[in-house]
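In the two complexes that follow, chain A is the common piece, with chain B as its partner first and chain C second.
Up next, the complex of A and B:
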């Protein structure tokens, strides 16, 4: 069963002078195994929408269903035991390095699996696997997470979520503040995880990242879904009115068109596919 | 849990109390505190005075548009202290000839006075909490520091660094909401990793707290470092003379409030010092 948002609204600090509506009537379904990107300007409700997914927030109206788990304001319909949901939906927060707190890298990564009932040995095994996935070898296991560089900390925090083996992975601005090389490694990792069947929900302002990875794109504006479709349809969206930046490869295609080359943006998602298209067009 | 963090947070309504000068509010708070903690001759008188203050506090509380629910919640969190106080008062030795025995349990004489003493101190603490909540909910933190700086200004002449004191205070206050945001963000992140902050035994709750406190401290240290650098790079000099953007102004309403509260506190003080008790004087419930 997929993830479903049913007429979901969310209001922050309801009933106080700080009241503000973040989501207004969201209706959508997310298929298992898909790679969904949520984009929109700051304050459009992206983070709120994904926080409803593992019941960190409870909707003011409507309900969010993930398999057998129901997140609803109605106490009778709501699922009481949320631990299973938290294991199913792994959430990588923006700047996840702030969640590190144990004295060695392997202990910190093993913390999540342990909380979800794994024995210490199992948890450690999962931790080592996850660290391998993010590209940190055994020389990191005994080091303190606080002595690592920013990019390495991010990888450790990512591994901490991957070690929980979630079915759905929520990524909130995963590449913010990373250098280009670290970003590329992260993107490769996300694609690999997705290929293994994990559903990914990506929240990002980085349109290049969205174009390269996502199979589906949702644009949020003022708490409502204003566009839902294929990422290559980004080309038709009036990106600027949603405070979004045009992906660099699309800007390149645009420039080539202006110079008189007949090239279509369909199927272009990164530099490699762009190069292919240019070769084709040249023939 | 996130709602209890908002307790006593400044809410920008526009009531008479909100408009008062923060200096007046601090002065009246101190006066009320004195009135609350003046000892009275008898229990009856003590509860009578506290009762009158409670009525005033409730009126001010409702006038400043705060929710009674918040107050009840904060009293709820005091249950452990109430129990502790009660135990202490039960084991306090009392003069059997003037005290009233309630019951004896396992050879321990429990006097009614133990319960009355506990009720008296709890009522006083509740009053103190109420007035403090009213102050912080109706006054901008920055105004509060300005007012405090004004009060400590005379100390400047004996070499006390009043400006640095005020700056420290305003920075500390300024960081409360930021740290609250950090708390909720880190809690959410750790909850996603399977930490349960609200259920389980005390031991597991304490263990869960470690996962919150360590990142919080790391974050706070990083922030303070960044702030110090940012201030220095903008040429901050703690000893320089500076002007201020906000000016405090004292109005007629302030004068009226200060005088009224001062008169009330004086009356309570007079009653306390003179040991006046109308019930005793008119032959009422003399022995309590």
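Up next, the complex of A and C:
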């Protein structure tokens, strides 16, 4: 499903003394099945950009098109019924476990599909499938989501979104606060969902995570796209000027190059690929 | 002197429930920076609450804070020495402005008004928030809110600072802010004891001592270099080794024989390019 931002600007509190522009003339297309990371400092416009995707916000200028849905300030152009768009674009907010609210895991996960018109039986079936995807078996169905560990709660919240079978999944800092193992499981899950065709838009400050997962990277600064390309092109970018951390593996490649080793950052995305490159370089 | 001494501590939330902390013993010396690491659900945060008396006194074993054995009758006295900073910056901001938030603990301790402003200014400055005294929490970043929480705790003049996942909800720059603040505080105040409960192994690698907790039991205790060299053991309990240890291991697996005394990125890079 193609997504297009066409000359999109967004101004908060337009016309008031508190007016502030969050996005300025964004033009970009997101290919179906891609794994896009959206990075930039706090206040650079990342959240605004993804909230336009399922029409939580309406652009001040321009339009955002997701398949047949048009999100535009022009009422004639704007799609009237947006419920279908909300089903298409699943949004996992930061610390989604704070939004769990029903008394059993399966009820909580089945809530979304039910809201979109599934019968109770269908909704439960979808809930069970989604829980299977995140690695929670039937022993979790009847448990209270509030009695689970932090990592398990996060998985239940993820399952709640997956149960709606979105075509596009927006993830906002999805591994924040998780222990390393829970993070690894989540990363494997994102990659698997993406491999099955779901488009993923990842919003994160964690550059190691971005480098490990994403196939495309957009850097936002002051409401504009300042970089758009392959994640390994990050190596050439002065990330500090955008208040971003250099991925650890790239910082290390940098240190090696300064000491005279001839090593290229291409294809390095984690410790394993880095070690492999160092071995080649040392030959 | 021991700032904190935990002896054969066991704790369950209700009678008959599984033990969340099981026969745990360790000490934090005055001036020592100890990291307690473990995965989500290992019992770390429960421990912070037990040793500060927040979960009552139905534990087995003993907890001593600067030699004072923790019980219902001593908890008020013991807490005077402890500053506790929690995980969520939003949940612990109680004032409507930065200065009111720092003043909250002082008011509870009936510090006279004339003295209060001076104390607030001192500790706001200490954490680098002196320019934000009249600001509301809505306008602050997570890292700034945590700095205010730390200022409020420091204003009470604690001898033991307990950080319960104090950086885990922050973005990388917020994390950096807090960690450099903690290291600076320790330098300025060499007798301050710090117990940091965390799953950030990069942070733990920079502390004096690391204690590894799994299922409420201590499974390892020692200097970071000794604890982190066994990557397999850490992975088995759902933790990672810090980056430099993981990279050194990945290189060894590929036949590059990195000496075991190399424990900084800088040293590893120099060794590889020697």
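Throughout what follows, the second predicted complex is superposed on the first by the 280 of 283 C-alpha atoms of A that agree within 3 Å, B and C clash if a C-alpha of one lies under 4 Å from a C-alpha of the other, contacts with A are read in each partner's own complex, and residues count from 1 in each chain.
Everything below uses one rule, namely that contacts are C-beta pairs under 8 Å (C-beta built on N, C-alpha and C of every residue); 3 or more make two chains touch, one makes a residue touch a chain.
None of the values given here were measured: they were computed from a predicted structure.
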Touched partner set for A:262, first chain B, second chain C, both or neither: neither
First, second, both or neither for A:182, with chain B first and chain C second: second
Winner by number of chain A residues touched, once chain B and chain C are compared: C
Partner chain(s) touched by A:42 [first = chain B, second = chain C, both, neither]: second
Partner chain(s) touched by A:196 [first = chain B, second = chain C, both, neither]: neither
First (chain B), second (chain C), both or neither touched by A:271: second
Chain B versus chain C as contact partner of A:150, first or second or both or neither: second
Shared contact residues on chain A - chain B and chain C: none
Chain A residues within the chain C interface of the complex: 42, 95, 149-152, 173, 176-182, 205-207, 243, 245, 248, 251-252, 255-256, 259-261, 271-272, 274-276, 278-279, 282
Touch list for chain A against partner chain B, complex: 16-17, 51, 54, 56, 83, 86-87, 89-91, 93, 96, 98-101, 111-112, 114-116, 146, 160-161, 164
Chain A contact footprint on chain C (complex, rising order): 39-41, 87, 141, 165, 168-169, 171-173, 199, 201, 235, 238-240, 243, 246-247, 250-251, 253-256, 265-266, 268-270, 272-273
In the complex with chain A, residue positions of chain B that touch it: 11-13, 182, 185-186, 188-196, 210-211, 214-215, 218-219
